[in-house]
Amino acid sequence: MSDALFKYLVRLADDTVILSHRLGEWCGHASHIEEDVAMTNISLDLIGQARNLYSYAAEVEGKGRDEDQLAYLRNEREFTNLILVEQPNGDFGKTMARQLLYSAFMLPFWEAMMASKDKQLAAIAAKAEKEVTYHLRHAAEWTIRLGDGTPESHRRMQEGIDELWMYTGELFVKDEVEERLIEAGIAIDPESLRGAWERTIEEVLTRATLKRPEDGWMHVGGRNGVHTEHLGHALSDFQYLQRAYPDCTW
Amino acid sequence: MSDALFKYLVRLADDTVILSHRLGEWCGHASHIEEDVAMTNISLDLIGQARNLYSYAAEVEGKGRDEDQLAYLRNEREFTNLILVEQPNGDFGKTMARQLLYSAFMLPFWEAMMASKDKQLAAIAAKAEKEVTYHLRHAAEWTIRLGDGTPESHRRMQEGIDELWMYTGELFVKDEVEERLIEAGIAIDPESLRGAWERTIEEVLTRATLKRPEDGWMHVGGRNGVHTEHLGHALSDFQYLQRAYPDCTW
Amino acid sequence: QEFLDAFQARIDDEQKIEPNDTMPSAYRKTLIRQISQHAHSEIVGMLPEGNWVTRAPTLRRKAALLAKIQDEGGHGMYLYSACETLGVSREELIDDLHSGKAKYSSIFNYPALNWADIGTIGWLVDGAAIMNQIPLCRTSFGPYSRAMIRVCKEESFHQRQGYELLLTMMQGSDEQKEMCQDSINRWWWPALMMFGPSDKESIHSSQNMAWKIKRFSNDELRQRFIDATVPQAHFLGLEVPDPDLKFNEETGHWDFGDINWDEFVNVVRGNGICNKQRMKDRVAAHENGAWVREAALAYAAKRAAPQAAAEAAE
Amino acid sequence: QEFLDAFQARIDDEQKIEPNDTMPSAYRKTLIRQISQHAHSEIVGMLPEGNWVTRAPTLRRKAALLAKIQDEGGHGMYLYSACETLGVSREELIDDLHSGKAKYSSIFNYPALNWADIGTIGWLVDGAAIMNQIPLCRTSFGPYSRAMIRVCKEESFHQRQGYELLLTMMQGSDEQKEMCQDSINRWWWPALMMFGPSDKESIHSSQNMAWKIKRFSNDELRQRFIDATVPQAHFLGLEVPDPDLKFNEETGHWDFGDINWDEFVNVVRGNGICNKQRMKDRVAAHENGAWVREAALAYAAKRAAPQAAAEAAE
């Protein structure tokens, strides 16, 4: 069970650390300062979640690793984040689309997790839930503003949603790792969140005058470490210092 | 003297390896296949020069390092390439501008180097000179074609030249490392190549209907390892595998 | 019908058909489809490898990879030219690629995720390509046949280079060995699918066999590839990810498990891991390069005009 | 003149001037220049640090760096708002920055080249900024004074954080120590130049002193900074790159070598290592974001229209 819990925690941590990294790439390059501040803020929240999750994972693993060893010293195939979160930023519309699709899942996820039988996870959830409430609102507001803004912003926002849609199926995938934890009342069954996710997305897209893409083939693999080619380049930047100067304290 | 020669060889090697890396970033993304092939080809020539120069440098150093240790295991501040060659690709016009400004210097450089008292350097020069003849012709032809093409291509090509101009002063900088080698008949005095460089650039820009930028402040530092912020990111991609999996044979 | 019979007779006689020869329009159409698909594959195939150019672990490997990619670009140009002799422009062919009308080899819709993949692509992907292409060196259409002779020669070199890369890594650290095993795990089945649907399902085969555009069936070639490759895998020390793989003493061939044709169909339909990314990259390269191509045309026109005027004045 | 005297009397009486108060136009202009320059510096200052966000070596450091950059964005917004109370729009201010008409602190035209630079920027650059800004907490213009109180508080935190980062690295490997020494070698003199030209050369000083927009001279602040910082450098185990640096027992101050004012002038003129890059990045962010800002305006207008109609109908 502790092996499953370790894997589960690392998956969630990888999601947050990679998405945080992507948002950090925007630093100083947003359309206006308010958005520089907002994206930095979200990136910061996600790093905080990552630290809690990795630290707890390290504790569960019991091999003396710490949050940084988990984040900086695993290779691409060991990262088990959702493929959705590793997708490149693209323009601001695509970044907001990615945030919307992810946060609309994570809000009910953390809400449900607050009742987890695992007290530490429940505590992490309580903090994350507040943060993700803001992340979702921010992404939803921009989706609506851009979708219902100018013809150009409408086109870009629709493209962002369309391009990322095939990565949303992975939000609802579960495997034996999760099934055992769900049975034990520790993990959340993603299927139970589908209704809430669908409703949020429908509502936001409708208000944004955007079309919900058709559900076609869905791209999975991240949970087993099979990623798109984008992750490797992100990791080479992210991990460079730890790799170049091993065993240092920073 | 062998210390100066080592530094001199590493400078030249760093120029070629970094420029080769930049050209390699174009792989599969050029405007047409002919250019994909041409840029790959130039990148390949430059890697070949880098290998010869690093290997010779390692031999001169006599500490048992090899070409890969010199290329992959030095940090940003130890790289002594010209700042010009580390500049990001930008669009195709800027890439051609960078290639023109560099190759117009390197052609007379290698020509002169063929008469170096250092036989190994002279041999490296003999091979490089042929290669750079092609690199220069290719860059010059595109500069002319883009400069004298459409209004858009003219504007972009001019921008490329303008943006990079302030890095050309470093081509002609020499310090005590080089001065001793010049005296010994081993290195080339860059000042002696200024006339040839100026003539080539003048002629190409004139035929390209482009304006030669005014000589203003010139940005130097690369030869002492003080770079622009671009080099670090290039190195984290370039060196990632060697850093992540130390002491492996590939 | 008389014409068709005469044409078939020439082919049966192993005569080469050349661009200026008259030929059945179905023959021409089939060739354009096949050669352009091959050209597109070379070009799209530059992308997964290009993804590793900036991260190659040694200068020697980086040079070898650049040289390989350069060869592939060369093959693409060569094959587009062969196609153009059949009366279709490169621009049309590329438009068909970008619109999704023309296909390219589905293998390139799988991602290159670790450095061992660069070896595996050479060994398995180029290996399978060669197995498909060697018979085409004797194909009935002259320019295609000649292109294939050159392509096969270079790809054999790439294949050996890929194999040697894996051999080096398999003598290395545990992590390097894991990368190699992970790589064959991901590429083995897609490589087998490169030979196309099994003969029962293949729609183009019989006419193409008669025209000697194709000379062996998909299943024959696939078996030949497996027989050649499995011992190489074992020599490397790699496990082939097929529990049903077994040497059949009677037939002298390796029996293998069922191929997941649903996956094949899915990827061909555009649902591979990288289909969208590959096309996005190609289209972006083309669109971002439009100003360059336009400038080249404008420049050429300016140069041509005074020359034409000069000639007219003579 | 009566008005000017009365105004001066208020200032001498340490009363705060508020946005709606009448004020001399030169006072207003000086404030706009100074506050906007400060705001621009916060925004441009995000770039060298942003350059390291993706490469921070631990999650804790990455979080601290993101938080610091977020604070700087906040300072920028806060200061632009203070400027807007003086009757100039943020759009105008930003246009002036992009056109080169408005300045920002030259320090950000130096590149952040290794991870120790992130510590040094906090310690020396924020340190010098605080030294400049603490007197401004008592400056005569109310909104500016209040902004400075908040800014100084947060920057003191950044300074301590930067110092702690260097302290950690100086207890680490030889390579880490080298990075720190390299970093102070590159940032020391530029940090001293942050206090502006020496008093003999400074053109704005005397009127600004009278208006209490400025409260100490450049040279006084510079000396104060050096006196505070040199012992910290020594405690870290770093050598200050100034051979003339020496404690003067008589004055109780650290004597220091000549500043290279040619370099200062050169960087101010736009010839720093990163001037062009910084402006290119800022302008690109602004231009690439134009469609976002337009969309936000268009959306707001659509929302406003029905509301206005509803109100009119009442």
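We just call them A, B, C and D in the order they show up, numbering each chain from 1.
Basically, contacts are C-beta pairs under 8 Å (C-beta built on N, C-alpha and C of every residue); 3 or more make two chains touch, one makes a residue touch a chain.
Predicted, not measured: the structure shown is a model, and the values here were computed from it.
Asks: Roughly how many whole angstrom separate the Cα centroids of chain A and chain B?
Replies: Centre-to-centre distance between chain A and chain B: 41 Å.
Asks: Starting from the mean Cα coordinates of chain B and chain C, work out the distance between those two points in Å.
Replies: 34
Asks: Show the residues in chain D shared as contacts by 2 or more other chains, in ascending order.
Replies: 55, 175
Asks: Which chain B residues touch at least two other chains?
Replies: If we look for residues of chain B contacting two or more partner chains, we find 75, 236-237, 240.
Asks: Just say which it is for the chain contacts: an open line, a closed ring, a star, complete, or other.
Replies: Looks like something else, not a line, ring, star or complete graph.
Asks: Determine which chains touch and list them pairwise.
Replies: A-B, A-C, A-D, B-C, B-D
Asks: Residue numbers of chain A touching chain C in their complex, please.
Replies: The touching residues are 75-77, 163, 166, 216-217, 219, 221, 226-229, 232, 236.
Asks: For the complex, which residues does chain A have touching chain B?
Replies: 75, 233, 235-237, 239-240, 243-244, 246
Asks: Which residues of chain D touch chain A once you look at their complex with the stated criterion?
Replies: So the residues of chain D in touch with chain A come to 43, 46-47, 49-50, 53-63, 66-67, 69-70, 73-74, 76-77, 80, 115, 165, 168-169, 171-173, 175-176, 281, 284-286, 288-296, 298-299, 302.
Asks: In their complex, what parts of chain A are in touch with chain D?
Replies: 17, 20-21, 24-25, 27-37, 40-41, 43-44, 47-48, 50-51, 54, 67-68, 71-72, 91-93, 144-146, 148-150, 152-153, 156, 234, 237-238, 240-242, 245, 248-250
Asks: Which positions of chain D touch chain B when the two form their complex?
Replies: Within the complex, chain D touches chain B at residues 48, 51, 55, 111-114, 175, 182, 186, 266, 269, 271, 273-274, 276-277.
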